[in-house]
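Supplied in structure tokens, the structure appears directly below.
As written, the chain order gives the labels A, B, C, D and E, with residue 1 at the start of each chain.
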Amino acid sequence: GSKTGENDTAGGVTADTSGDTVKVGLLNSLSGTMAISEVTVRDAIMLAVEEINAAGGVLGKKIAPVGEDGASDWPTFAEKAEKLIKVDRVAAVFGCWTSASRKAVKPVFEENKALLFYPVQYEGLEQSPYIFYTGATTNQQIVPGLDYLKAQGKKSVYLVGSDYVFPRTANKIIKAYAEANGLTVLGEDYAPLGSTEFGTIVNKVKASKAEAVFNTLNGDSNVAFFKEYKSAGLTAASMPVVSVSIAEEEVKSIGTQYLAGQLTAWNYYQTTTGAANDKFVKAYKAKFGADKPTSDPMEAAYVSVYLWKAMVEKAGSFDVEKVKGASDGVTFEAPEGLVTIDGATQHIHKTARIGKIGDDGLITEVWNSGGPVKPDPYLKGYTWATGLS
Amino acid sequence: MSETAGGLRIRGLRVAFDGFVAVDGVDLDVAPGDIRFLIGPNGAGKTTLVDAVTGLVKATGSALFGEQELLGREVHRIARLGVGRTFQTAALFEELTVLQNLDIAAGAGRSPWAMLRRRGAVPDDVAYTLETIGLADRRDALAGTLAHGQKQWLEIGMLLVQNARLLLLDEPVAGMSHEEREATGELLGKVAGERTVVVIEHDMDFLRRFARTVTVLHAGKVLSEGTVAQVQADPKVQEVYLGHASDEPVAQGAEA
Amino acid sequence: MSPRVRAWLGFGLGAVVLFAAAPALLTDFRLSLLAKYLCFAIVAVGIGLAWGRGGLLTLGQGVFFGLGGYAMAMHLKLADAGEGDMPDFMQLYGQLDELPAWWAPFANPVFALAATVLLPMLVAFGLGSLVFRRRVRGAYFAILSQALAAAMVILLIGQQGTTGGTNGLTDIEGFFGYDLDDPVNQRMVYFIIAGVLLALLALTRQLMHSRYGELLVAVRDSEERVRFLGYNPANVKLVAYVVAAGMAGLAGALFVPAVGIISPALIGIVPSIEFVIGVAVGGRAALLGPVLGAVAVAWAKTALSERFPGTWTYLQGAMFVLVVAFLPGGLASLWGLVKRRREAAVPPAPPAEQPVLVKEAAA
Amino acid sequence: MLRIEGVFAGYGRSTVLHGVDVTVDDGTVTAVLGHNGAGKSTLLRAAIGLLRPKQGMVLFGGEDVTKLPPHVRVARGMAYVPQGQQCFPHLTTAENLQLVADGRRGGRQAMASALDLFPALHGLLRRRAGLLSGGQRQQLAIARALITRPKLLLLDEPTEGIQPNVVAEIEQAVLSLAGVDGLSVLLVEQHLGFALRAAHRYHVLESGRVTSSGAGGTGAEPAVRAALTV
Amino acid sequence: MTVILGQLFTGVSIGAVLLLIALGLALTFGQMNVINMAHGEFIMAGAYTTYVLQQTITDAGLSLLVALPIAFAVAGAMGVLLEWALIRRLYTRPLDTLLVTWGVSLMLQQLARDVFGAPNVQTAAPDILTESTSLGADLSIANSRLFILGLVVLAVAALTAALKFTPLGRRIRAVVQNRDLAAVSGIPTGRVDRLTFFIGSGLAGVAGVALTLLGPIGPTMGTNIIIDAFLVVVVGGIGQLKGSVIVAFVLGMLQAMVEYLTTLSVAKVIVFIAIVAFLQWRPQGLFTLRTRSLA
């Protein structure tokens, strides 16, 4: 066989587009700890697929979704990605949530020259030629969140996060920002994913007398954290928490009893105004139930399918290289407002929004960036960030 | 290992469990090659004494086998000094065959290299023992499926192939029929001489037939010692252990 | 047919299946999945020895699998990075100026290869010495070994800068100079794994049929009794535990080129239990049972989750439940059952009775 | 009281009892004698219900109990002392007894009288049974069985491991219970003297078959010995 | 100083949660030797019971109180079903129960996902249980934690009394120690097993209700805590309730103290090391019941 460094002999697998359908892969955790979040993303993707099919499909072909369960297990994501690409020969794959799962599948997509659309906000510092990132990178979420705190006159923060790539990297960025912007980081704590014992961390937070908390916890841990937070007598008024992984779905499962008044940083809320969102929310509730909220990752996943469609149609082909080639400048009137693909980074321009959690469980915008922010995954445009990547 | 049997010399042996003294300062000498019977009421401390000597329970005092102090050593080290025992309730490897049980008992001294190879032919001592204990035809039966008495024979067989020089047998003939007791007794007679044997038994017929010397324990202490006749005639022994005519009420003294 | 002849025939058949039939019949993708299953099978062979024969329910084999896997992956990452350079993720997350000292030796291929097997064995030896000597056993040992897996995962995740954290070590491109993207090289990896599996099976068979193998069963049945025969059961168990750990380590090392990733997700409580379940499903005490079971369980997981992405966990759970509860000897015992049914055709099959009067509830 | 009719029983695929018939009449003692491995214990296990016969019937007080689980048979008036000094090791001696007395009318009193029979147990009431000596455990086991005030007592080598003067006591007790209280006893015993003194009838079991039977009493000893040495 | 006191209480409350979860295991595992990996899913069942009840009983306080007995019954019934269908076949091979119940736990998680949806659900707590009681300057104690502590004390007292002093307790212990002997002593072993399992599983249900005050209510909520709970029972000494009680609080304390000084991850690893070290000293757990048999 070939030695490393020799010319790559392995070609990509071409998608099977014979017949009147085109297959796409849906890769989300339907079981395990991450199912809590990822199932809603799957639902949003399915909604987009159905809408597109109802409207005539892509290049005249109906989309045939092939679902696989990543089972909250990174190597399984890799196995399933490979299966979707090689066995089902899908034209693109939509999915993954945690950065760890994305890191696991990344080589699979690169090796097979296949496309992944990744719909979740993440830590940046990555740019794979075969991944399109439709969630926020750090300068579209974390940095605006910090700017907002600074504008509110907060001088100190405490960092709480889950123990994995996204929070650790995000906090690295936050610390760099803090140093340059006169913000004091009074403490930094991590809990293993799934951890639900926050007594000590909350005690530490409380004792630190920080003016705000920046929360990068993911999943279940948030519920335990906020219940503990309230029990300790801490409130949004005395010590607000800015969270970057709590969307409407999580709010619903934690309870406004514990969350009212707290802040979040995202690009989209169910309450975001605009016709595109009204339509999205209505369609989603009609399909999945009136009590089911929409959220940022769901929206980003929904958008990703439409963006792919737009790219394919612009390229006039399902061919991966052609689709990639056509990506730059492709736009979509998304529920969050207009989004545009930046062909150079394969991220999208997104509007940053800070929201406040209300008593009704909905998040209302208290600040936005005024327009889409250009993605900057390596934070090249920020002087304080030199040395981070 | 020396080929001559050592004697057992116990001094001031004491075993206490959370305040309860089960063996209370026992001195005991068993001459090399002797068959010593150890009797006494239920709970007198006989099994505990054997437990102490074989390292199963902690004890104070001294127990010399030949030149070697046994107390304070680990169970398997005591076994390697040539001390073997049976248990009041049979303890075998129930999922292994009779042959495998014996082969394992025979092999504690094997080199790692020998351990990693298969058992070729049946070793001579194992084959011989199989005959001796009358289980040759059940060689390949799983030990767990043996009847009670057969299990006890197998246990004795394991001691024999283990080449123990000091045999401590806890009620070896319990549950055996008369003929089997005879056979067992004769077997013990044969193996004594080059080995020192201590037998715990309640069967007085058996004791009369095969004992050379007898020690009577009572409430953790030596109550009496001597030949069979001497011990039987001892009124203290009759009182606490043997009983008199069956119509007479018998004092129970094992426990306070 | 003598057992020896049967064994040779069995190995012959196994070799034909693994080296001729499978590569001929399976696509590259399926063959690479099979390679992965065979890695699990190697772990399973070790568990069969330690648990099936030795009664050591080790719920932490993932730890050893992981040690082997990380040792291999560290070397491959360093080789990918090239002389003097640091692996990509360290530059990203670690912001380290130079390679941590404990990584450096893994640049040496001989050291790394040896470490894949010896490191797990060493850890097993350390833990086993402590635990077995103090007679921690049964459920105690099981739960403790499980906690070991949990602790190991937490430890790895906490050190993102040097271990890759939750991500683990991914994006492994080369294998001792061979490009892993190349299907031909992937096949080569498969053949290596299959060869190793067969060799380890032969080794294990020898161990099981040796005197040591019998002693191991004896220790499982009555550890104390073995002590009175002059053996130290701690050492007997230790050998099985350490051998099983070595096998798991080797499996982990082979898993890395086959799958291209090693991560905490592969070594925690869940995968560790899955290893054991594979063994139980196949038949813990038989030589081939664990192999069959590991492959069957892993294959079923893939196949079921492909066919029923929404509901496959029911099927998987049901499989575990049914086989372990109703077929204690695992799939390997099916053959015997069928044979017996046929023999017993004349007298009605007697109801199996529980062993009488279990003296004391087992631990 | 008890009729065992044509019982075939065994373990797994092996058959130990090959069509055994044994009857215990009301208020009598029946001894079962035989070599190690003959199937004596197996017979008692089948009688109490720990082992389901592959064929044949167990009748107790005229009722077919073959399919009833052990605890129901105990409720009907059977009691069983297994071979091998069995106890509940982590329960105290008192708890071992109390357990059986629980919820039984006159349980307290039955416990007291069982203890009278084995005074050595008095001092051991608070010790856990697993720590008792073998003979102490055996005494406990017999006492436990008596607390149920059974109509039929199945004894598997009850004197094994018990000191001689207590053996004599047990012998006395068995005789008096059978004679005075109308208790029936099925006794498995190696101790021929005791067995025949106590038994009204005996059966010799060989390889799972009854090979000879007869009236008890010390006079039967030569015949039994002859039967046993075949 | 206040921080230390606060941490002390955190330790106690971690211990209380551990104990609440471990209590049912102390029965099913400690007494019956069943390693029930689905115990976590019984806890989940208790939590979902609270959730379902709140759909009809909207008063948070009332629904919580009602949920306690109902969750006990629901989880208990699931336990009985499990015992009847599977466990009773496995009493002679206790370690296999781990594998079988692992399969059951997978299925129950999926079932929860299908019935209640994959995302977590929310229950409301009575306001008083979301607040804290102030103990002077800066030191306050969460009422929810106090509530759980009280619940645990109650449950432990009731269980101890039941095991020690009632005929049922004796029977439970007798059956596990020697099943056949229990049967021939007139004890309906099957019924006792099922009852024991009912109580043990029911306690898991109660724990589930309590956990709604602290953490998430979702399909996987049981998996994270279950290992710690098993450790508590193991380190406490199988068969010994008092061991579990002491160990739960000691581990809680240790965890809180170490975590305060380092991090949660380090604390978990150190707790593990402490456990291995402890078992060096007491291989059969804090309290052990020795017997003279060799088994």
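In this text, contacts are C-beta pairs under 8 Å (C-beta built on N, C-alpha and C of every residue); 3 or more make two chains touch, one makes a residue touch a chain.
Here the structure is a predicted model, which is why all the values come from computation and not from measurement.
Trainee: Select, from D-E and B-D, the pair of chains that is joined by more C-beta pairs in contact.
Mentor: B-D
Trainee: Which chain maximises the distance between its CA centroid and that of chain B?
Mentor: Greatest centre separation from chain B goes to chain A.
Trainee: From the C-alpha centre of chain B to that of chain D, how far is it in Å?
Mentor: Spacing between the chain centres: roughly 28 Å.
Trainee: Averaging over Cα atoms per chain, report the distance between chain A and chain D in Å.
Mentor: A distance of 74 Å separates the two centres.
Trainee: If you average the CA atoms of chain A and of chain E, how many Å lie between those two points?
Mentor: The answer is 36 Å.
Trainee: Between chain C and chain D, tell me the centre distance in angstrom, where each centre is the average of that chain's C-alpha atoms.
Mentor: So the centre of chain C lies 50 Å away from the centre of chain D.
Trainee: Return the residues of chain A touching two or more other chains; collapse runs of consecutive numbers into ranges.
Mentor: As it turns out, chain A has residues touching two or more other chains at 30-31, 163, 190, 192.
Trainee: Where does chain D touch two or more other chains at once, residue-wise?
Mentor: Answer for chain D, listing residues that touch two or more other chains: 11, 41, 50, 82, 84, 86, 89, 130-131.
Trainee: Of all residues in chain B, which are in touch with two or more distinct other chains?
Mentor: In chain B, residues 47, 87, 89, 91 touch at least two other chains, as defined above.
Trainee: What residues of chain E sit close enough to touch chain C in their complex?
Mentor: 29, 33, 35, 86, 89-96, 98-100, 102-107, 109-111, 114, 176-181, 227, 230-231, 234, 238, 263, 265-266, 268-269, 272-273, 275-276, 279-280, 283-285, 291, 293-295
Trainee: Mind pulling up the chain C residues that touch chain B in the complex?
Mentor: Listed in rising order, the residues are 206-207, 209-212, 214-215, 217-218, 220-222, 224-233, 355, 359.
Trainee: Under the definition above, what is the set of chain E residues touching chain A in their complex?
Mentor: 3, 6-7, 10, 13-14, 17, 109-110, 113, 117-125, 127, 130-132, 134, 140, 142-145, 213-221, 223-225, 255-256, 259-260, 263-265, 267-268
Trainee: Per the contact definition, I'd like the list of chain B residues that touch chain C in the complex.
Mentor: Counting only chain B, the residues touching chain C are 54, 74-76, 79-80, 84-85, 87, 89, 91-96, 100-101, 103-105, 107-110, 114-119, 144, 158, 162.
Trainee: Quick check: in the complex, which residue numbers of chain E touch chain D?
Mentor: 167, 170-171, 173-174, 177-178, 180-190, 239, 289-293
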